[in-house]
Amino acid sequence: MADPRFYALAGPFSVGDIAQRIGAELAPGAEAGRLIRNLATLGEAGSDDLSFLENRRYLEAFGASRAGACVVERAAAARAPKGMTLLFAARPRRAYALAASLFYPARDVKPGVHPRATVDTSAKLGPGVTVEAGAVIAAAAEIGRGCRIGANAVIGPGVVLGDDSVVGANASISHALIGARVVIYAGVRIGTDGFGFDPSPEGHLRMPQLGRVIIGDDVEVGANSTIDRGSGRDTVIGRGCMIDNLVQIGHNVQLGEGCILVGQSGIAGSARLGRLVTLAGQAGISGHLEIGDGATIGPQAGVTHNVAAGQTVLGAPAIPALEFARQVATLKRLAAKKGK
Amino acid sequence: MADPRFYALAGPFSVGDIAQRIGAELAPGAEAGRLIRNLATLGEAGSDDLSFLENRRYLEAFGASRAGACVVERAAAARAPKGMTLLFAARPRRAYALAASLFYPARDVKPGVHPRATVDTSAKLGPGVTVEAGAVIAAAAEIGRGCRIGANAVIGPGVVLGDDSVVGANASISHALIGARVVIYAGVRIGTDGFGFDPSPEGHLRMPQLGRVIIGDDVEVGANSTIDRGSGRDTVIGRGCMIDNLVQIGHNVQLGEGCILVGQSGIAGSARLGRLVTLAGQAGISGHLEIGDGATIGPQAGVTHNVAAGQTVLGAPAIPALEFARQVATLKRLAAKKGK
Amino acid sequence: MADPRFYALAGPFSVGDIAQRIGAELAPGAEAGRLIRNLATLGEAGSDDLSFLENRRYLEAFGASRAGACVVERAAAARAPKGMTLLFAARPRRAYALAASLFYPARDVKPGVHPRATVDTSAKLGPGVTVEAGAVIAAAAEIGRGCRIGANAVIGPGVVLGDDSVVGANASISHALIGARVVIYAGVRIGTDGFGFDPSPEGHLRMPQLGRVIIGDDVEVGANSTIDRGSGRDTVIGRGCMIDNLVQIGHNVQLGEGCILVGQSGIAGSARLGRLVTLAGQAGISGHLEIGDGATIGPQAGVTHNVAAGQTVLGAPAIPALEFARQVATLKRLAAKKGK
């Protein structure tokens, strides 16, 4: 399935072994020793492959599949073709993700500092750290055990990076304390000055930005996204937030745990998001607003008022989704009428 | 015309020589040996300069121009001032572009690997490749003949780059097979993980992304744009696509040949665009949609449904352009009425 | 207040000294020798701290503050708590910004070229220039006195940088003449080719871009923003413009002095903005338009027509703000009616 130029295939693994490692249950009567060599979609899989049934829309493909083994919900068992070994999981997609990590583990990298990397003598590197060519690590930075710093990345003075975090190629980080297992993708900018100044026709005067960026564990920040540091308070990204590419996060913004920010969305300074807020693609949130837990901001929505917990909003200015749908329908009807 | 600090002027060239090289036809009776030394706009050109008439709006400027030579459609000949040498072309702008490349050829660069570049011993470099200072080329990468890798750019393991392609400063590429004559501008990110995970309040789980980015010949990717690799399938950019700055392309997206993506537009995962689709500035396309050949997505439009071939859509959610215009007019009229 | 890992605290300073340096006036009877050691918000400040009263909304916090000294407008004096030393300023925020620069001056950097930087022998560096590790400065570039070039930044051939300018990590600049005291943040791309080509189903043909980027004094360009060079004319950024993160500026754009471009906004090719124009977050301006002095383009607005001086526009397509508000209200009312 995956191009060997880029991905190294591990295995084979027995279905019993796989089931145990991905938290699935082997169907009664299955031969635990059956060997699986690779992953494949339902349509492409053969008898050596593991596949998965994501949802009922694909039941037909499931029934016709030649996959040797398949991760499914228990309820789908009756629809399985003959000879397929079933692995039951409450959430097949999640279990399959674990299987994918098993068959295609992250490439082995030899830890160590490349001779072309530049690490200040006062920086502290934990055991098993990899620093690629051209990376620069400044004075007093602390890099946790097992971290990987990509080629030509720049880690500023005093930055702290937790264990097993990854910094992509050409990314740069300053004024930041970052947790464990964080993934900073290529080209990300963290800790740059916030957009704070005293405006005047005689010349805008920059306000010194004296805060930090604090990033919790298990956060991902997508390619070329930008997170400004706080002006005095800190910019805070809660544990487990998933941030896509080209996202802008202004100074003093606070994200609760597990927020999802889709590509090209933006959050202006000092806005506060609760837990598990979703910001769809190209959506924007104005400064100083509060967005409640579990709220969903639709694609390209422009939020100009606080949003209550659990609410879904759409449009610019953003309004509750149902109201938005009604307005869209109303305008469509009125325009059709006038058009006659 | 062009600052010699940045552009080296070639020439002079005779009008006959120019006509031949740009595929134009010298007007009857013109002196083929007349020498031209530079390019200039109709208003600024003198007797040593070549200019061009882009369209009829500039007929007056054309008639008053002192340009020594001018690329024009044949139909405009009667309006030419005395003494101007005419070069006939069906598409004067295109012909002039070729003339510009003639007078201002790309700067000569001395091929070779800068001593400050880092090239893995298992990477293959074709003849005439230039690798600038600080660039990093990883194991098993293949760089075609005549390619130029900019300063501090990073080419990941196994990446293939076709002949005569250019990678800008600080760009990074991984998990990608790239065609010939492709231009990747500064700061571009290609091949980063797609935004794929299994969401859960207990913690989002990343789905391993096991696909690639496949880029056809003659593609351009603008500064700081991002193209994620496929999740299992590939992300595919068709031959001749023109992608502007700060554009986001999600995993598994497929672009047909010759698509035009203007600045800050974005395409969510698994969307499929046909040939010659235009996406205007800041427009967005939701995931898993199909956009037909030759469709035009207007500026800031937010596409949430499939778009048929040849259709032009506007608005968010995007609707056919005529309908959008009617809705805008209707709302304007209604608001004016209520305002009285 | 500020994390000493990232910010070095200077001082203490006497209130008399502070008043003089920030252009404030010490209140009558104040003890000019009183020492201040740090900055803090009204709520957190103690007797050694300087704070400020930004506006009347915070009068209560002001009255209850334990700050040793406070920058305020003269009119607020009567509301001050006992024992607080007052520094009068017409614009307290601006004065406080100066105090912040006094207490937290930019970190001392030792000028010099890092041994891992690559500076062409024909480049000219003024006195006191700092070039960090991995930075690349090409032939014939001119770097003014006191400039700082960040790690892994790339300065192209012939680029001119005025005195005391700063280029962030991983930024790249080409074909540009840049003024004094300009701050280019990390990951910025300046001088890349404009998005100019002759489109055709047979293959789009790139138009050679032969202009430059001209940037005035005291401009800031935020992280990962992109500014294309002119096609023949120049792209011009007026003195004192403040540009936020992820902003796109197309070729031939002209910005007057002091424009403010908020995050993720974009300006298409050849648009011309007057002085002190504000472009809010994610707003866009179509190509070839004229925007008058002091105009304000609201968040996510999509400007498709010229905007007169002083006008505020909203919506997509953008219309005068009052008209937009009326349309929003009208549609809301009509949808509510139909919904019944």
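Order of writing sets the labels: A, B and C. Residues in every chain begin at 1.
One rule holds for everything that comes next: a contact is a pair of C-beta atoms (placed from the backbone, for glycine too) under 8 Å apart; a residue touches a chain by one contact, two chains touch by 3 or more.
Keep in mind the model is a prediction, meaning the values are calculated, not measured.
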Query raised in the report: Connecting every touching chain pair, does the picture come out as line, ring, star, complete or other?
Result: complete
Query - Homomeric contact chain A-chain C: same or different residue positions, threshold half - result: different
Report task. Go ahead and note the Å separation of the Cα centroids belonging to chain A and chain C. Result -> 29
**Report entry** Residues of chain C engaged with two or more neighbouring chains
**Finding:** 134, 152, 170, 187, 224, 246, 264, 282, 300, 316, 331, 334
Requested in this report: Under the touch definition given earlier, write down the residues of chain C that touch chain A in their complex.
Outcome: 1-3, 5-7, 39, 41, 91, 93-94, 97-98, 100-101, 104, 107, 114, 116, 132-134, 150-152, 168-170, 183, 185-187, 218, 220, 222-224, 240, 242, 244-246, 258, 260, 262-264, 276, 281-282, 299-300, 315-316, 328, 331-332, 334-335, 338-339
Report task. Using the touch definition up top, name the residues of chain C that touch chain B in the complex. Result -> 118, 134, 136, 138, 140, 152, 154, 156-158, 160, 170-172, 174-175, 187, 189, 192-193, 195, 197-201, 203-208, 210-212, 224, 226, 228, 232, 246, 248, 250, 264, 266, 268, 282, 284, 286, 300, 302, 304, 316-317, 319, 323, 326-327, 329-331, 333-334
